[in-house]
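Going in written order, the chains are labelled A, B, C, D, E and F, and every chain counts its residues from 1.
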Amino acid sequence: MTTVYFGSGWLSDKQNQAHRDAMQAIETSPAIDDRLHSYVPLEHQYKDIRVDQHPEYAQDTEWSSATFNGDLVGIKTTDITLGVYIPEEEDVGLGVEIGYAHNLGKYVLLVIPDEDYGKPINLMSWGFADNVIKMSALKSFDFDQLTYDYYAGSVY
Amino acid sequence: MTTVYFGSGWLSDKQNQAHRDAMQAIETSPAIDDRLHSYVPLEHQYKDIRVDQHPEYAQDTEWSSATFNGDLVGIKTTDITLGVYIPEEEDVGLGVEIGYAHNLGKYVLLVIPDEDYGKPINLMSWGFADNVIKMSALKSFDFDQLTYDYYAGSVY
Amino acid sequence: MTTVYFGSGWLSDKQNQAHRDAMQAIETSPAIDDRLHSYVPLEHQYKDIRVDQHPEYAQDTEWSSATFNGDLVGIKTTDITLGVYIPEEEDVGLGVEIGYAHNLGKYVLLVIPDEDYGKPINLMSWGFADNVIKMSALKSFDFDQLTYDYYAGSVY
Amino acid sequence: MTTVYFGSGWLSDKQNQAHRDAMQAIETSPAIDDRLHSYVPLEHQYKDIRVDQHPEYAQDTEWSSATFNGDLVGIKTTDITLGVYIPEEEDVGLGVEIGYAHNLGKYVLLVIPDEDYGKPINLMSWGFADNVIKMSALKSFDFDQLTYDYYAGSVY
Amino acid sequence: MTTVYFGSGWLSDKQNQAHRDAMQAIETSPAIDDRLHSYVPLEHQYKDIRVDQHPEYAQDTEWSSATFNGDLVGIKTTDITLGVYIPEEEDVGLGVEIGYAHNLGKYVLLVIPDEDYGKPINLMSWGFADNVIKMSALKSFDFDQLTYDYYAGSVY
Amino acid sequence: MTTVYFGSGWLSDKQNQAHRDAMQAIETSPAIDDRLHSYVPLEHQYKDIRVDQHPEYAQDTEWSSATFNGDLVGIKTTDITLGVYIPEEEDVGLGVEIGYAHNLGKYVLLVIPDEDYGKPINLMSWGFADNVIKMSALKSFDFDQLTYDYYAGSVY
């Protein structure tokens, strides 16, 4: 049973929509025990405090360190780092997660909304991605037989 | 003698200006043998082809793999990964480099233009940064006695 | 199903008691297939020779290397490195295991006897611990949803 | 349920025979969900092209990079790197896989045909092997209780 | 020019004496640029606050995280992790540093006071030590030609 | 000043000749402090015993572990892992070193005798090589500006 770390942004409507789409696809995947063994960072903010709603925590090193370390726990304790990846709204935080996950030997899967698939993505994300698929392909993605493939799109 | 990998964007005027400022500061640093032993990605594009000037290479896996691997060589063969970091124009590629550099045990130094210092940066970049300084402090930064410190600004 | 490496000392009565308490708690944990998939170093001494009972092996590099490598196998092939941690009897060997486990991306869980919880622990153990809990909380610890938290005690 | 990466050569009759023997042994092992969760490199050549049958791909960096990265995916996403190891036909590719797998914290198991067991093997393979067993012992090898042991043979 | 991270305890007179002896030996070593490029943790406590003198910081996560990360910077940015190692006063913090340093590929050198050399040390420290020497041998230790050797003493 | 680990075989005349050629080229390289800071495994066999001359050590775990760990010290404490690589006599031990060196973030340079350059090499060696050059190019190879490039030859 494969487990998944969900790396995705939550700063725009498009990011939130893509996040929901990916969550839904994963929920129907037979190989993923989705609610029990996966890690969604927003569900693990330290003390359940979201800094976007409580800006007074934005300079609190206790909150910052704990939430940051929580995300690392998510990557460390799951098999796959799944990045919900939007070419024109690339997220530096997801970038950090990709570089970190790669070096721990995690499988890095980028999922791009269908309408954006093919658009240029950053070369560094491209290089550590083990596979880059369309959102609509996530539902039937074979998590039991993970393989390598290139992004069928361009880089910049 | 310390060597530096230069991670920075080149997609906006601001990024280019910050890159030049950082290069200049490094050139005057007594601890850095700057031209000889540092690595600036744009000087190492495969076959000296810049994809922004030759968009036909944007889907060429040979060019992409080589340029990507060249950047990894830069990080691997230098002591410090210096990220020229602009809070409101954060770069996903630099994010990947930060995550990768951290796991290899490189010292990660983020340099922020003075006028942007203090603005919120992504939590994941914050977490792997060993130090986050102002551009004006780079010139006299003590590369011989590397230390850890927090960003004197906020995260999001 | 989560698997656990058991790092603990066996040099004092207190260490042995804490070890037994932790083993018992793990045995009742629904998420841990305890006897089958966990690794208890004392059960894997090379050739079943315990050096405390056979001091003639204390300078035998064959025995030492094999037993040492066996412990690394235990850490490598399990999901969690659980350290039975006694503040006033900290064990250097457990320290080595914590540092090693962290770098392989293992979740590091320290378990402290209830009566000692809160006492100062070494800063380096503190820094790599993903969570530090009371012995009495181990039984119901949620191994399916691993999270990060600070030690509710002090460091030295 | 343990998963296995199959590292083995396919350049001689002996290598092919040993590969088939190992596959067969694994298929009957109760601890291995062999067809579903294991990775056999030859089944994952990029675009299903085998370079020995299509020598025109021998200088194609797209094919080479993808097939190479596919092998790394195999090692990363499985628990054990099993090397079918023939002392007098040692394979440099398997050597690379052993070194890589070790550093990611994978358990490295070398399996040697019974008639060759005991013959000298390279010191570097010896050093990263967590266990070296006879082909006939693979069938009943306890994948649920992985342990360390030396090669009962010599090195060169 | 080799650089050194100084891992040592400061909790007993014996530890402090051994620390001073090692510092002195290093200062006279021609291969070590000792004051400029080495890292002594006690000189890098966050905000120059020593928690033994300011116990009110013992539960301050900001101070703890920064000091802990400072020690990691010390290990990351130097070539050798030198542990001043006292067999009967083994330090869990040094243990963590040894495990961490090993995995980053640092050379781990343990230095034991002459009068304690030969006494049993913990098996896990033994296993990651690249060399274990007497204090009196440190002065003339060849830092330019680092080699591997066993501890000429016993383990427990 | 760059330091080099010399990975090469010594089992055939061709390997020995190539090794000598590479050593000679390195000795004249201005960027390499060759005798002082490089590591040649054959010069570091444990107790100066070569197992090819003393076959009674071929099953001695003390000798084997120490010599193996010595080679790892060589890779860890140098900047570049240089493999003297002979396409038709590929060495499994060098393979292990390449995989290990890659994961520690070392620059992997393969040097092939001129008359063999272009011949097929194993895909796994190809994949971790940062550069693959002709023996005649080693003398003037720019060790101060390490770059990535493909093998101008084929793989199998």
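Worth a mention:
The rule we apply is simple: a contact is a pair of C-beta atoms (placed from the backbone, for glycine too) under 8 Å apart; a residue touches a chain by one contact, two chains touch by 3 or more.
Predicted, not measured: the structure shown is a model, and the values here were computed from it.
Least step count on the touch graph, chain B to chain E: 1.
Where touching is counted per the definition, the chains common to chain B and chain D are A, F.
Where chain C touches chain D, under half of the residue numbers in use are shared by the two copies, so each contributes mostly different positions. For the pair chain D and chain E, the distance between mean C-alpha positions equals 39 Å. In this assembly, the C-alpha centroid of chain B lies 31 Å from the C-alpha centroid of chain F.
Taken residue by residue, chain C touches two or more other chains at 61-62, 65-66, 69, 72, 104-105, 150, whereas all remaining positions touch fewer.
Taken together, the touching pairs give a contact graph of some other shape, not a line, ring, star or complete one. The complete set of chain-chain contacts reads A-B, A-C, A-D, A-E, B-D, B-E, B-F, C-D, C-E, C-F, D-F, E-F.
On the side of chain F, the complex with chain C involves touching residues 61-62, 65-66. Residues of chain F touching chain D in their complex: 51-52, 55, 58-59, 61, 64-65, 67-69, 71-72, 90-104, 120, 122-128, 150, 153-156. By the touch criterion given at the top, residues 79, 104-107, 130, 144-150 of chain C touch chain A in their complex.
By the touch rule above, chain B contacts chain F in their complex via residues 36-37, 44, 46, 62, 66, 69-70, 72-73, 75-77, 104-105.
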